[in-house]
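Two complexes are shown next, each including chain A; its partner changes from chain B in the first to chain C in the second.
Our next item is the complex of A and B:
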């Protein structure tokens, strides 16, 4: 049985859904935020935001948009983890913490094994890692180019320049390793770069990396594997894409979707008072909302143990843990069905939102 | 409820009707006029044209590559108006919801997404499930996948290949097979930048010709109605007419569907070394009844090219408008997304436009040629009404030709073609023929027993307008469009087939995925539980 509370006091699930519908229905411009949900949860949440003529945002939009900004203002070369595993003869990891962001990364990409396809089949891979965390690259045969997080843009700029055969006046100590890496990438049959916007690199650095990939493709093959952001970000982005044409940070104030990364940022909407109610969804982790305003009418959907101090709380299950879910699977770069690892009766985000939606008074007229 | 549409001009090639008549339907199916029968509901459609719902056999409306295009080009699909009640997200441009609304408004009741990657079939089906009103289907892409290429390299028995094909089509819930630049995408991973019909895929020792012939045979053997749907080599390249003609010869008389053939109708004449070769192409098609084609007509507009022909898309990147794109090396084909603008003042685009229309007008049998724009590659599907109008009026074509670069008109036979399609021929191409091509026995027609998918148009001077805004559209007997506007959503189905295979193939595939990828093969499965609704799929019969 699901748990629901209003300002810490238990209420029935039925009453909680009715109260949620009242809060959202009374609001002029509610925001559906967090959006830490599986594909079904995202779908229901976006339909609800549309019905309410509110806005929706994901808790990792900054990271989502870092990659998307490069795609939509420059270009993007990508591949699947499978192709990286069977074909890459040069692997470049960029930035710290990748193996925490994607715990199965090294098992999946199997850098220590030789590639299987192409002229490079059976040959040892060349592996480089710019700026790993301490010990992160210890168990793979990688050449490490140390770099602090804020040095990554400079390292990538040097690398791109050296790939292009241009001189650099950067860090002399690390230039020999950068030169070696540039040579390896140029001579590789199928180079693969692995990065994550969640490691703290900004869109310009990602663009620098992708521009280098584009440069390399003039003469050989090179591509990339992005590591998606937390709380179902990649799947929510895809779902949002086919439902509205846009990624999160999209609003329906005019009765049709408009995407604006500044205007529809949930934190800004709440703190500025533009949004007068918030539905916060964080089913994966129970992460808390980012805004500082403490008195916005608030509905929280989060797993057991992540009940906030105030407002309306409805417990939901964790996707793939307490219930089966469809989510974007990093290991295949596509959607997959995940079976629950410890099934429980806790409802899914989609179930709760659908229950709220049916309690909303009629439809907002258009 | 028994309903009759009374007194319309019924155009239904499947039942050879082209006259004033009535159409009766009940419980979602067309019924014979009941003797002395009285309808519960009678609708006067006199002065209207009544056809079965149209079927689009090739339109990229769902899947990872389509979604990448949405995310790549937010500036190209800004929404501008609020939706009507009861139709959530129906004005969200390029969304799956808008796709369903716009197709329904044009009288279309079924669309086939022609490029579903086996390893991303779940996303394609999630997206198709969010296309309201219309029915959907998909074609599964093989021909650049290591498993198949290994089998062919080893010279495995046809029965083994058939099992793999049947398993893959069934497991990805599709209507058949598509092959996109067979071997060419694999070759691109090996850094080849051109790949012709008889070029060898590195390390597999196979040519494109061998790969597609194997799949062509296998498609027949396992009982898929739809012939192998082939996206040939050398798309878009001057002089590629030779590839097209050679490919038809390579088909050896077996059924074969060639996709978006306009993009292969190019000679090398003129000072730009780019000319229409449609006359030669059409002659060949007319002489080979085993071949069907869709045109991939170019319509002048800003659009985006979306294709699993990664090699071709990579080569298109420098010409992108605006200059950006996405290149994805997938587990097999992958995909490339490159924006493009077809301009009426551009010599090459003018030749493309003319070459497409020539094919329509020079291919004799309307059930051998289909009307696609290869949405969105030659233009958006919303341009179909304009295309139908062009096919039906030599005058309208002449008006457009007057605006083309004059030198373009010297390298096409279009000015000499006066043929005008009749409504009957439009219906053959978009209804009866399209249904036959997929083996549908109860769609694309108004015979008793057929699904009551019906489009009613109000003819007028503006032929495009007539087709753009149907007066009435019924889906499964329910009114979904009135006066060109969707009045309500309903849920369409995704049609799929389940060819039979020997279960040993799954054991073999399990071992292959485990050994090569270190993954359970089942991660790519598509169980019913993965879709948000339990009534998503409807199985249709195979040929045997």
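Our next item is the complex of A and C:
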């Protein structure tokens, strides 16, 4: 049985949905934020944003857009983890914490095994890791190139310069390792780079990395495996794409979808007062909203134990934990069905939002 | 002929899209008609008359008496021989895709000012937000011509993907100045934070204050560059201080060698 509270006091689910519909229906420009949900939850949330003529944003949009900005304004070579596993004869990991962001990474990529396909089949796989966390690369036969998080962009710039045979200035101590890596990538049959925007590398550094991959593809093959962001980010982005043509940070204020990563950032919309109500969805982790403004009318959908101190709260289940869900699976680079690991009667985000939307009908002029 | 004047009545509760007030949309129309133009960006209707008092004049010379950080797209698609003046602040995308003419703002401007500018002279008296002259999400190229003068400070990623034209920032520049430059020139008289000219192809960045430029800019020595002298002369009216920096002997750093190394950063020698 689901739990709902209004400013900490219990109310029935029916009343909670009616109250949510009232708050959102009364708002001029509400924002559907967080959006930490499975494909069905994202679909319902985006439909609700459209019905309300509000905006929607995902809690990991910064990381989503870091990769997407490179894809849409430059280009991006990507492949699936399985393809990397069977073909890569050179593997480059970039940045710290990758094995925490994707716990199954090393199992799935099997870096210790030789590639199986192509002319490189059976050959020793060369592995490099720029700037891992301490001990992160201890269990794989990798050459470690130490770098602090804020040094990664210049390390990638040096690497791309050396791949192109152009000079670099400064620290001579770092150059032999960079030169060796550049040589390995150029001579590889199938190089693969692995990175994550969630490890703290920004869109410009990702563009540098992908530009190097593009340079390498003039003479050999090289591609990438991006590790997606938290709270269903990759799946929500795909869902948003097929529904509106845009990724999150899209608004329906004028009745049609407009995408603007600056204008429709949920934190900015709430803090500037442009959004006059917020629906915060964080079904995976119950993460708190990022804005500092405390008095925006707020509806929170989060799992048990993550009740905020203020506003309307409706408990939802966790996708893939308390109920079956379809979400983007990092390990296969595609949508997959996840069976619930500990099924419960807690409703899904889609069920709650559909209930709110039903109560809205007739109240909002579309 | 007297200018076309929009006098601020009250700051709107939502962002407004002022691209609707371009000269071709207001030419030959009565004040009452213009006051009915819809400028809202949410389901709550908001018309020109709700925000401005309108005084009809020459549509080639538009003045806004009073500004707001919610006024987006002021001077968008401005044509040559037209001008827009704002007494106050403006919001995002000032002078977006302007073809020519002149835009002056006495206050500060928001994000994406001069985005896609192709020929206008844009002067901002105060500070400017992030992504000055940068392409919008998904676009391939930034500003392709014209000139932007910022008297205050600029935010992050100023001059991103600049293709042609000149940007002068008299104050400080935020993180990642001149990222992904394709060509064109940027002059900064204050301090510049973080990475500079990351992924620069063949653009020029002039810094009045020398600093570390990272491993992919190579010192090419101090020179008296003939072109810098000519460039200085062309800047004398718009920014005498920028002209003074360019009139000196300059140290040239070639880069970003990660790309081709055909770009440069110049600092006083």
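Keep in mind that, in the parts below, the second predicted complex is superposed on the first by the 360 of 366 C-alpha atoms of A that agree within 3 Å, B and C clash if a C-alpha of one lies under 4 Å from a C-alpha of the other, contacts with A are read in each partner's own complex, and residues count from 1 in each chain.
Just so it is clear, contacts are C-beta pairs under 8 Å (C-beta built on N, C-alpha and C of every residue); 3 or more make two chains touch, one makes a residue touch a chain.
These numbers come from a predicted model, not from an experiment.
Visitor: Once chain A from each complex is brought into register, does chain C clash with chain B or fit beside it?
Guide: With chain A as the common anchor, chain B and chain C both fit in the superposed model.
Visitor: Tell me which partner A:56 touches in the superposition: chain B (first), chain C (second), both or neither.
Guide: neither
Visitor: Just to be sure I read the superposition right, which of the two partners does A:128 touch: chain B = first, chain C = second, or both, or neither?
Guide: In the superposed model, A:128 contacts neither chain B nor chain C.
Visitor: Looking at the overlay, what does A:72 touch: chain B (first), chain C (second), both, or neither?
Guide: both
Visitor: Considering only C-alpha centres, what angle arises at chain A between the directions to chain B and chain C, nearest 10 degrees?
Guide: Computed from the C-alpha centres, it is 90 degrees.
Visitor: Of the two partner chains, chain B (first) and chain C (second), which one does A:157 touch, if any: first, second, both, or neither?
Guide: In the superposed model, A:157 contacts chain C only, not chain B.
Visitor: Which holds for A:43: it touches chain B only (first), chain C only (second), both, or neither?
Guide: First partner only, chain B.
Visitor: If we overlay the two complexes on their shared chain A, which of chain B and chain C does A:259 touch? Say first, second, both or neither.
Guide: Touch partners of A:259: chain B and chain C.
Visitor: Regarding the shared-chain residue A:108, is it in contact with chain B (first), chain C (second), both, or neither?
Guide: first
Visitor: After the superposition on A, what does A:170 contact: first (chain B), second (chain C), both or neither?
Guide: A:170 sits against chain C, while chain B stays out of touch.
Visitor: Go through the superposed model and pick first if A:280 touches only chain B, second if only chain C, both, or neither.
Guide: Once the two structures are laid over each other on A, A:280 reaches no partner at all.
Visitor: Of chain B and chain C, which one contacts the greater number of residues in chain A?
Guide: Tallying touched residues of chain A, the top partner is B.
Visitor: How far apart, in Å, are the nearest Cα atoms of chain B and chain C after the overlay?
Guide: Chain B and chain C, overlaid via chain A, are at closest 6 Å apart by C-alpha.
Visitor: Residue by residue on chain A, keep only those touching chain B in one complex and chain C in the other, then list them.
Guide: 72-73, 254-255, 259, 365
Visitor: Over in the complex, which chain A residues touch chain B? Could you list them?
Guide: Residues 39-40, 43, 47, 50-51, 68, 71-80, 82-83, 85-87, 107-108, 110, 116-119, 121, 189-190, 217, 220-221, 223, 237-239, 241-247, 254-259, 324, 326, 329, 331-332, 334-337, 350, 363, 365-366.
Visitor: So in the complex, the part of chain C that touches chain A is made up of which residues?
Guide: The touching residues are 13-15, 40-44, 70, 92, 111-112, 130-131, 135-140, 161, 176, 179-180, 195, 198-199, 214-219, 256-261.
Visitor: Would you pull the chain A residues touching chain C in the complex into a rising list?
Guide: Residue list for chain A touching chain C: 28-29, 53, 65, 69, 72-73, 153-154, 156-158, 160-161, 164, 166-171, 204, 207-208, 211-212, 251, 253-255, 259-263, 274, 365.
Visitor: Help me check something: in the complex, which residues belonging to chain B touch chain A?
Guide: 62, 64, 66-68, 70-74, 77-86, 88-89, 91-97, 119-120, 122-123, 126-127, 130, 146, 188-191, 202-203, 314, 317, 324-331, 334, 516-519, 523-525, 527, 529-530, 532
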